[in-house]
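Each structure below is given as structure tokens.
Same chain, two partners: chain A is paired with chain B first, then with chain C.
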Partner chain A sequence: MAAASLPAWLCLQPGARALRAFSTAVSPTTLPGKAGPRTTERTSRLERPSRRKALPPRTEKMAVDQDWPSVYPVAAPFKPSAVPLPVRMGYPVKMGVPMAKEGNLELLKIPNFLHLTPVAIKKHCEALKDFCTEWPAALDSDEKCEKHFPIEIDTADYVSAGPSIRNPKARVVTLRVKLSSLNLDDHAKKKLIKLVGERYCKTTDVLTIKTDRCPLKRQNYDYAMYLLTVLYHESWKTEDWEKNITEADMQEYIWTNSSSEKNILETLLQIKAAEKNLEVTKEELLGTKEIEDYKKCVVSLKNEGDSEYTLSQYKESVKRLLNLT
Partner chain B sequence: MAAAASARWLRVRCRLSLPLTGRWIGACEPAPRCRFCSGSAALPKVEGTDVTGIEEVVIPKRKTWDKVAVLQALASTVNRDVTAAPYAFLDDPYLTPTSSVESRSFLLAKKSGENAAKFIINSHPKYFQKDIAEPHIPCLMPECFEPQLEDVSEAALKERIKLKKVKASVDMFDQLLQAGTTVSLETTNSLLDLLCYYGDQEPSAYYNFQQTEKSEELEEATEENTVKSKKRAGQQFGVIWRAKNNAERIFALMPEKNAHSYCTMIRGMVKHRAPVEALNMYAELLNNRLHADVYTFNSLIEATAAMNEKFDEKWNNILELLNQMVAQKVTPNLQTFNTILKCLRRFYAFGKSPALQTLREMKAIGIEPSLATYHYIIQLFYQNENVSKGSSLVIYDIMNEIVGKKFSPQDPDDDMFFQSAMKVCSSLRDLELAYQVHGLLNTGDNRKFIGPDHRRNFYYSKFFSLLCLMEQIDVTLKWYKDLIPSVFFPHSQALIDLLQALDVANRLDMIPQIWRDSKECGHAFRSELKEEMLMLMARDRQPAELQEAFADCAADIKSTFESQDARQTAPHWPASALNCIAVLFLRAGRTQDAWKMLGLFRKHNKIPRSELLNEFMDSAKASNSPAQAIEIVQLAGAFSLPVCESLTKRVMADFALSQEQKEALGYLTAYDSDGDSSSDSDSDSRGGK
Partner chain C sequence: MLKGVASLVSRVRKLDPGHLRLGTQAPQSLAAQLDNQVSFESPRAISCTNENDPAKHEEKHEGLHYNLPLQDVKTVFPHGLPPRYAMQMKTFNEACLMVRKPALELLHYLKNTNFAHPAIRYVLYGEKGTGKTLSLCHIIHFCAKQDWLILHIPDAHLWVKNCRDLLQSTYNKQRFDQPLEASVWLKNFKTTNERFLSQIKIQEKYVWNKRESIEKGSSLGEVVEQGITRVRNATDAVGIVLKELKRQSSLGIFRLLVAVDGVNALWGRTTLKREDKSPIAPEELALIHNLRKMVRNDWNGGAIVLTLSQTGSLFKPRNACLPQELLGKEGFDALDPFIPIQVANYSPKEFESCIQYYMENSWLQHEKAHTEEGKKELLFLSNGNPGQLERLCAYL
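Moving on, here comes the complex of A and B:
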């Protein structure tokens, strides 16, 4: 827009300050730079109103010690005229360099964190201190936090530019608790682990319950707490049919009343019977050291799997048992 | 940009462990002790349920804040960016406005676009019914401007009044009366309100009329028309209350009238400049033993002041009105006192002591004065511009009182305070006071009171001129970098003031920088500014690199002159500009450009100064070219300058000339000596020496 022709028109109408209705909008008396083809009289190239020139970028005027958070107070797209860094980005042509920052779409596409420099973050934290309360003095280590507050709830809030503040992802609630902080005995713990299935992580002993089936975060939180309560109570109860558990379902191998015990006892009794030694009973046999040893090796073999060590232990214990050493 | 922030809520431990104390029996049914609802205030302490039982975890009470408190806290960490244009504009070197005219037209264009969008939405509402905004944003939905109810009923009348359709509602009222239905008092009163507010015009026509009035107000605010506009206040602009218009007619038709009816009529009459009728209506009100409210009294004060009487009579009438106010047990508000002060402004010198009385009364009642109050007082006490011994010190008292206070908008004239205060500071030439005023502007939210564009420009122009005049140059330059052009676009006069301040402080090295900035502010074609710059640069000899910088600047200025030439049919180059540019080129050693300038002298028919010609002669001698020397003499001879003779002598003396050159020279001197006598007589008329 030719700057020189504007003042004349606007000065003639002092009332132009008020907002007019659309139908009487600002009249297009000033033509854009290319006035040539539109005007009736022939204007030569030289007499055409000159094209609007761009100002020099304002990085030239910026002081070296300026307040950068004031230049980029919020998340804003990358403005090459406002960022005084000679940034380059882009795949270079052969024997070339990456493109400069002016007009560089690549720099515009990526998110930039120019508004979150360490100085800015420090200032923000200072300002936000007023909204925070003090940390309880008694909770000065992680273990104490875990001890007093074993359940952890994770929620996420989403902010975006747009007409709606709702985001369906915000209803997700994740509840995490360590099973060691719950009061479970052996059976309860095994039952709980069976009930939750994949939600339990063995290495960290953490039960994670993630709920998103309700439309509101509050409802999902209530549901997660309800699930935890129900799991706890159910795992303490023992149903009648739990006695009928087969070996395949058991968490870990229990030797008592197992087929291995039966087998070894039968074998030993047969051996003893063959040796005409009928006085020994099952309980006596069970009490012997070799049987104990054998039991330990079988249990470790079954629970921990096959390895050199466990297999060699088993071999030794069998040999001792059958008096083969 | 979506950002996820995860919050970690710590949950109080459920009472699941068997306690040592044995208080709870039956571990299988523990109830969760503390429910953590998001809105809860305090969490109860975890009692000694820890296994250790030694420490107690005290959870402090959660703080609550309103919706924007966090944003406001974060906003307090950032300041204004001094190199950026105001945020309403696009931050791009091509799209930033370069003058105040441009910035106004950009903002108007933006607003015009918004209006256009609103118009489209309102004329085709069926396409804009889908609402994705959550929570609902009412102002983005299409508005319905047509009345829905078509029957002749009071509800239809109420609807038309709500939609502000003046003519339609008057017609509906008449139809109702003809049909014989009585309209309730409340509805009639609201119809009267509508008519009195808009002066019996449609709202759109009303605002068109008001524009002409506003433009007069603007002139009042600018530097020139301070005294004249006050005399013009009596002229009739804007909507005038016509006798026997619809409001009066309907008022007469009303079977019963209450105080509200009278009050609204009075206020309408005063608003549309019918003070006599307003006072008559007030007399009627009193005759019917009704009481007026405080807004009516405010209007009546205005009406009293608008009557054609002497000042002390008017003041007595106002006092009487106030007494009646007290008698009717109506408490005055801020507007009462502001109206009194506004009217006192027109009383000139007479109004000073009543104004102080008013102020005291205001404080006695306990009403906090607003910025408009102080503005009226300043206007009253500093009406004429001359700062002689008679000027009062009331501005200092005012500033002492309000420094550090944060104001909120209470009066439409609040935004005129800063302008008038800065005007007074400027006329008193008091920089400390100006700093105080500026400090007040920057306290809290007071910067909202700076007013529209022209007032802000006026304020900052005055401030900056005062700074250039009174402040040290370093501080002035700091302010310059701070204010220009991000806060206001300076007049060319402001830049000339700055140049003079630089001259006084011997900082002429800043001139090229100032020239670059003034190109950005749209002053590239102001000849006074360019001439001033060139004159300052060319006045003395400077060290070498500064001379280089000056020569570059001069070349740039020359190019602006040339481009200006190309656009206009009649080229005009000021003579001084030509002189200065040539001198600067010479001093920087750019002899080629300098000789081109000589050609320009002839082309534009402007006269070179004699010192310039001497300098050219020096440079010709330095480059030892007699041809150039002769050319100078020819130029001097073409303009018939008296200095031509001395130049010729010098050429003869200093240069080794060939025979033709001597002849040419001789011819010139012979020619010149004839014209010498005539040139002597009008040597005074040859300007530019």
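Moving on, here comes the complex of A and C:
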């Protein structure tokens, strides 16, 4: 009889219950005694451990003006029962809506900033105020700050609970300075930009030096200041080999001694020769207004690239040079 | 008119006796065509002009088509016309070019050139399909009519890509010869400038190899013949031709027009490789080297008209159309100073004229093509771009 009822149990109670039924089957002495009226029932109240009923989520008990930072004091994963917002996330099935927050893995995966609401940040600021000094009253605008303190240093400090208070990331020092606040002439500025390469941003005119090669923050700061000093002084010096610069290296197009100048002088000399006007010298030619105009047009074409305006200017100047109507 | 129709009908009947239906329908269609010809006389005046001499083209002819006699086309443009235009010419059985502003401007400059001054370079540039090559053809026709010697390289890009048989040059070991391209070009050059070839005498002795040489004083025609027959020496023959022409045009015997289409190929990159797969620079090709010397302005007695072209160019992006982008730094420095002339899309008047021309030649068969909306639609779809318009109208 026990054997006959066993398969019925196995079908009706999958999973753990089946295991339990199997274990009871292994000890047949227990079963036959308790069999009879109890086997018809689905579950046996003595065997099932007592289970609490699921409580209502905490959100139902939250007041509107509650203290939110105490709900999320630190960075914590998203708890759908603790966040009173009816938020939905996920890709909807056809003719459906995104999934609700209960049991939503997508909401768990993403970082949330529920611990950093403006109220919480205000509280942090209030707490930190005791450790801060007053902002100087004279520095009330950005320009004044830049004028008096052109160099900006960025450092980061890290606090964590753990066996050691040291954090290797804390040694990084970033130095930012605007080149307009440094005393550089044309050559020095170009040389400095070439020396630093990627660290200079053209749009904001900011040189950024990031150092982390020394073990201590203080050492990195000293190294960054040293780098800035060396760059400044080196860019003011002019070496002998700098005058061998080729056209490919130059950042801007310079007209004097370029092939364009040679071409135009040759052309004009030939024209003059054809008109039997051999007394004109190179310097005279270079000084004429048309050549000045032509020079400006070529320089603008090369530096700014082609555009309707530059090309038409160039055309006009060439026409005037070559005496075309 | 009835007699004419009757004779035509009888001729048709003789041609295909089995097709009685065609015979009966033929007179109707012929009559219709004759009628159409009569009615189309007046619209022809809108899009075409009778002034067939480019020298007399003025601003009042702007936007109108003029007829190039087919005989001229065969001599002046053996290789110069763009392929789609050549197809159109064959279909319509006539060659009509539109007179446009850039060409008029260039004609004005050319008419006022001072042949004692060094040759001025004019560069036609513009977006794809705006008509640079056909403007160049207009200028060439003008110069041919004025009896200039035409040195026309239809597409310089053909000389820097897809060339088989590269030989090491006999003249200069570092350079490479392209016998096929050179011989083809020499043949076409001969067709264009037949009458000059016997008049011009070379002024130096050139030695081809141990057994053959050309004496001083023989005509240029012999050099060209030698190049065409002996394909191995074709590139050197081209070099000699260019050198002699440059030297002698300064003397004033003839006027020289150097017309190169796709001149940005001279300073770009090539797709040709040596046997060890290393790339060849353009200056290592003898043809390109000589052509570069030709477009320098150290000679006088003529003019140099050049076109930039992105179609067919190598390693240049699709939307590059401005001089510096296509020529690069080297090209710009070599051509400086030049006069850049922009070729733009059709103006409304030119667009109207073009549509009229197509309609007269019964090219636009779509019923809506004649209406104002149809024309507006075509204008919108092609944005006034001549090449695009031609391609669109091919479907209608």
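Going forward, the second predicted complex is superposed on the first by the 194 of 325 C-alpha atoms of A that agree within 3 Å, B and C clash if a C-alpha of one lies under 4 Å from a C-alpha of the other, contacts with A are read in each partner's own complex, and residues count from 1 in each chain.
Keep this in mind: a residue touches a chain if its C-beta (ideal position, glycine included) is under 8 Å from a C-beta of that chain, and two chains touch if they have at least 3 such contacts.
Please read all numbers here as calculations on a predicted model, not as lab measurements.
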item	value
Which superposed partner A:F78 touches (first chain B, second chain C, both, neither)	neither
Partner chain(s) touched by A:E134 [first = chain B, second = chain C, both, neither]	first
First (chain B), second (chain C), both or neither touched by A:I264	second
Touching partner for A:V159 - first (chain B), second (chain C), both, neither	first
Chain touching more of chain A, residue-wise (chain B, chain C)	B
First, second, both or neither for A:L311, with chain B first and chain C second	second
Chain B and chain C contact sites that coincide on chain A, given as residue numbers	none
Of all residues in chain C, those that touch chain A in their complex	108-109, 112, 114, 116-118, 120, 297-298, 300, 322-325, 332-333, 336-342
Residues of chain A touching chain C in the complex	258-260, 263-264, 266-267, 270-271, 274-275, 294, 298, 301-302, 305-307, 311, 314-315, 318-319, 321-325
Of all residues in chain B, those that touch chain A in their complex	1-14, 16-18, 27-28, 32, 37-38, 46, 50-51, 55-63, 65, 69-70, 73-84, 91-94, 96, 98-99, 101-102, 104-105, 108-109, 111-112, 115-116, 118-119, 132-135, 137, 140, 204, 207, 211-212, 214-215, 218, 452, 481, 516, 520, 522, 525, 563, 566-567
Chain A residues within the chain B interface of the complex	1, 3-4, 6-7, 10, 14-23, 25-26, 46-47, 49-50, 52, 54-58, 61-62, 66-67, 69-71, 73, 75, 79, 81-82, 111, 120, 123-124, 126-128, 130-134, 136-139, 145, 147-161, 163-166, 181-183, 218, 225, 229, 232-233, 236
